[in-house]
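Labels run A, B, C and D following the written order; every chain starts at residue 1.
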Amino acid sequence: MKRIGIIVNKSKPKAWIIARQIIRSLEHRNVKIVIDEFVAEQLGRSELGIPLFQIPKEADIIFALGGDGTLLGIARDFAPHNIPILGINVGNMGFLSESEPENLELAIDKVLSGQYYIEQRMMLEAQVVRNDAVIKQFIALNDVGIAKGAFSRMIEVIMFLEDKFLRSFKGDGLIIASPTGSTAYSLSAGGPIVTPDIDLILLTPICPHSLNVRPMVISGHSTIRTKLDATHDDLGLTIDGQLGFKLEIEDVITVKKSEYKTNLIRWHEHNFFEVVRRKLHN
Amino acid sequence: MKRIGIIVNKSKPKAWIIARQIIRSLEHRNVKIVIDEFVAEQLGRSELGIPLFQIPKEADIIFALGGDGTLLGIARDFAPHNIPILGINVGNMGFLSESEPENLELAIDKVLSGQYYIEQRMMLEAQVVRNDAVIKQFIALNDVGIAKGAFSRMIEVIMFLEDKFLRSFKGDGLIIASPTGSTAYSLSAGGPIVTPDIDLILLTPICPHSLNVRPMVISGHSTIRTKLDATHDDLGLTIDGQLGFKLEIEDVITVKKSEYKTNLIRWHEHNFFEVVRRKLHN
Amino acid sequence: MKRIGIIVNKSKPKAWIIARQIIRSLEHRNVKIVIDEFVAEQLGRSELGIPLFQIPKEADIIFALGGDGTLLGIARDFAPHNIPILGINVGNMGFLSESEPENLELAIDKVLSGQYYIEQRMMLEAQVVRNDAVIKQFIALNDVGIAKGAFSRMIEVIMFLEDKFLRSFKGDGLIIASPTGSTAYSLSAGGPIVTPDIDLILLTPICPHSLNVRPMVISGHSTIRTKLDATHDDLGLTIDGQLGFKLEIEDVITVKKSEYKTNLIRWHEHNFFEVVRRKLHN
Amino acid sequence: MKRIGIIVNKSKPKAWIIARQIIRSLEHRNVKIVIDEFVAEQLGRSELGIPLFQIPKEADIIFALGGDGTLLGIARDFAPHNIPILGINVGNMGFLSESEPENLELAIDKVLSGQYYIEQRMMLEAQVVRNDAVIKQFIALNDVGIAKGAFSRMIEVIMFLEDKFLRSFKGDGLIIASPTGSTAYSLSAGGPIVTPDIDLILLTPICPHSLNVRPMVISGHSTIRTKLDATHDDLGLTIDGQLGFKLEIEDVITVKKSEYKTNLIRWHEHNFFEVVRRKLHN
């Protein structure tokens, strides 16, 4: 019998309501449940609570109650555990979540009876190298952003592909995105929409001053190394638009495909462009 | 001993001069040469001439004297023969040609001694279906363009991916490009720059009236099917920007990866972005 | 008492229905009506019919029943007559029409009692010069397009501003647009949205091969002169996306602000951006 | 006899050298000179030094030695004084400077003999309103940027034109630019190139998440009012890319044409597009 771990976006009231429904439904089926201990306590079910980081060890499947933002965080945090995640969307339709709350019972049935398949999504691994040492490492599902701060002048971004000089340009920064991230920040900066099944990495410049710098698509087997030049040090790394890290001018940022993947539970072949049409093209 | 076929862009005087040099050099090395019969005659060497279409049967390697345009035509015409092509550039630097004329002797040495490697480039296959029958078939190295004429009103382009509706939009047309074609017409229409080694197809809308239609990247294993709607029939298919075919409003255009590839002779690992920088970013 | 001229988009059934209603309503108020003679006959009211070109002489105000396309044609044809036009929209909301059919009686009341104001829209004048003689002249409300045909290769567009060289570029062509035309073809090609009250001309390149060519905004007092270079003569001039004219390679195309304006009847200050939001941004 | 004020970009060694040459040349002609007191001291000419802010009161013409950045600062600081400025370019060619150092003697001759004309450039005035009070006021020559910080999530920008709702969008921010600013940050964000003589204001969204938000051009007589919405307060106002001001989430930012103009000294009709070609299109 599968064990289910439940993660809740605490800031969304609807997520709490759905969480109660799911717990009731799973207990009714005698399924083992584990919940983030803070959420468990709030729900008056402390006995189900365990520390968040232990959830992927005690569960076989994660139910993520929230939106794409919630799922991005879980995907990063649990990446090394290779655990399937069912995104249960409580807000607007998302690119990553599969189940809408109205189909909850059906969704639970399908998950427990194994009537689903796993869609694997490429993740990115970013390393910040300072004084020849890796001082920080990140996993991203959508993108790694390298950008100047709001008040600061343009920076120069110098890109290398497998140690060969690729191109440098002045501008606000660079987005290094996975196919999954192609519909996020990269799209706002002029990048193409990419179906999630292709093994590639997007390099999308942010407001480049040089007009002939354009979004670039490189192989998923590439390693992209980025150096910066600026007259200031108001420089930041952003992971999935959610985590920030202050960069210094001498830092080298290396990004490549992660060994980990996000495992999304899907009922049937996911119609990517249907979501694109509904999210972007209405 | 390798047999060399020589193709000359007849409109470029420099190509003729280089052709003479190459013939002299190859004969000096006792290499068998075949030449397009019209060119052979002009060069006073009718005995080397054979019909153009027979060249890939009588030669092991093609020397293409011209620019990227010349090479595009040869790549399409000789695609089923799977023959290596050395592009000898007689004009501005190209994306496809490898040898610059000043290094001619060295280039010939390397080719004859096998000191090269083959870079394979994906080609596209386009079919025009009219009344349920395939009435026309094309191979393209760069792109398949579907567009309205200069005087006509917008057309609606309706795209299907593996028979699933993808998106429709009004505009001037659609470019379906290989990675090689990413630096050609697709780039002018806002598409990304793609390294040639990724297995993908680009869908780049031309002047879309709907602002939220954007360049799309789909897997190289995809089949894209396109229908059109318009109040006129001033509709054309263009192959590599070189061949035109008049479409009718009921036609269905199917594009997928060709079983054939273009085999480019390269001396060493081709630095794609160096060419991009020199061609686009100067 | 004002005399009303009625123009009908013959291809839109709803326009015919509205035409009958308007005639009834106007006759009930003893207003003199003139109608295009073909339409009058179809409506069984031949006695109201006069040749189309005489309508602006016999009427004080035009009622244009159709969409933006209908109004564009009337604006061009009647430009020298300086006559107010009320666009009565029978399809989707338009940028140019003011009255929606449901408010027909109210609209007629307001027009007859002078409760409206005139919004003047800049028009463009285009001249084609061949062998130093003006061989053709056009007036446009939206735009003057200069473009290659569907099958042809890129053309070079060479632009001069008041006889000074401005810029040349290779690509599919150039759109020279008025502020009114900024939401039409120019927008599809990447041009900005311009409020109709500014005295400017837009120069929007179509799929420029040179990545650093961008939409340009020049003063409404400017004269833009364009020469072309191409290896073919599949070149066309398009007026408002409606009229076509075959260009030859030696032609010089001159575009400047017309001395005529389109006079649109408006009930109150037109909220341009509300229309933009509803048309483009939903 | 005209009195000359000299401003030097202290960080550019070449500016110091030119400053000495200019002083020598002007003294030779018995022209009165005033210099920023810190620069005067460094040059060993303390007797010519006065406080920077007094220069426009004691001088009739400013010689600005530096690049476009130097001139932007002087234009803002001295805006209320309505003083002609000659930009003497010591680095790469600029959009604002007129004299190249090699023509120094000729430039001085022309200025002293009045052989120049004044090109007036529109400036913008920005007000930050907090709790119904104007807490900060800026003048800008290029642009007023409103943007989120490097680590923060998208903000919502809500725009009003003369108190009418214009449009809201999510993204990185908004650039409100003068025609002069059209070749600066606005261009990087996708805005059009505008000749400096048109009375308009550019609204260029920065990385808008909504794909149908596009650069907009409004009349120079407009007042644009901007409100923000965000889940954070990492919000900044930037003037000409040089001055920063921390915004709070409830702030209202109002931008309109300033009553002041920048007065650039020009030898002859300035060929704007020649500079565009040389700066952007090389």
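Basically, contacts are C-beta pairs under 8 Å (C-beta built on N, C-alpha and C of every residue); 3 or more make two chains touch, one makes a residue touch a chain.
In this text the structure is predicted, and so the values were computed from the model without any measurement.
Comparing the residue numbers each copy contributes, subunit C and subunit D share more than half of them at their mutual interface.
Over half of the residue-numbered contact pairs at A-D are shared with one candidate from A-C, B-C or A-B, namely B-C.
Separating the centre of subunit C from that of subunit D, both taken as means of CA atoms, is a distance of 38 Å. If you average the CA atoms of subunit B and of subunit D, the two centres end up 48 Å from each other. Counting partner chains per residue, subunit C shows two or more touched chains at residues 187, 190, 211-212, 214, 280.
A complete topology is adopted by the chain contact network, contact being made between every pair of chains. Residues of subunit B touching subunit D in their complex: 211-212, 214, 282. Residues 145, 147-154, 171-173, 185, 187-190, 206-209, 211, 234-236, 238, 241-242, 244, 280 of subunit B are the ones touching subunit C in the complex.
Residues of subunit B that touch subunit A in their complex: 161, 164-167, 179, 182, 187, 190-195, 197-200, 202, 210, 212-220, 222, 271, 273, 276-277, 280-281.
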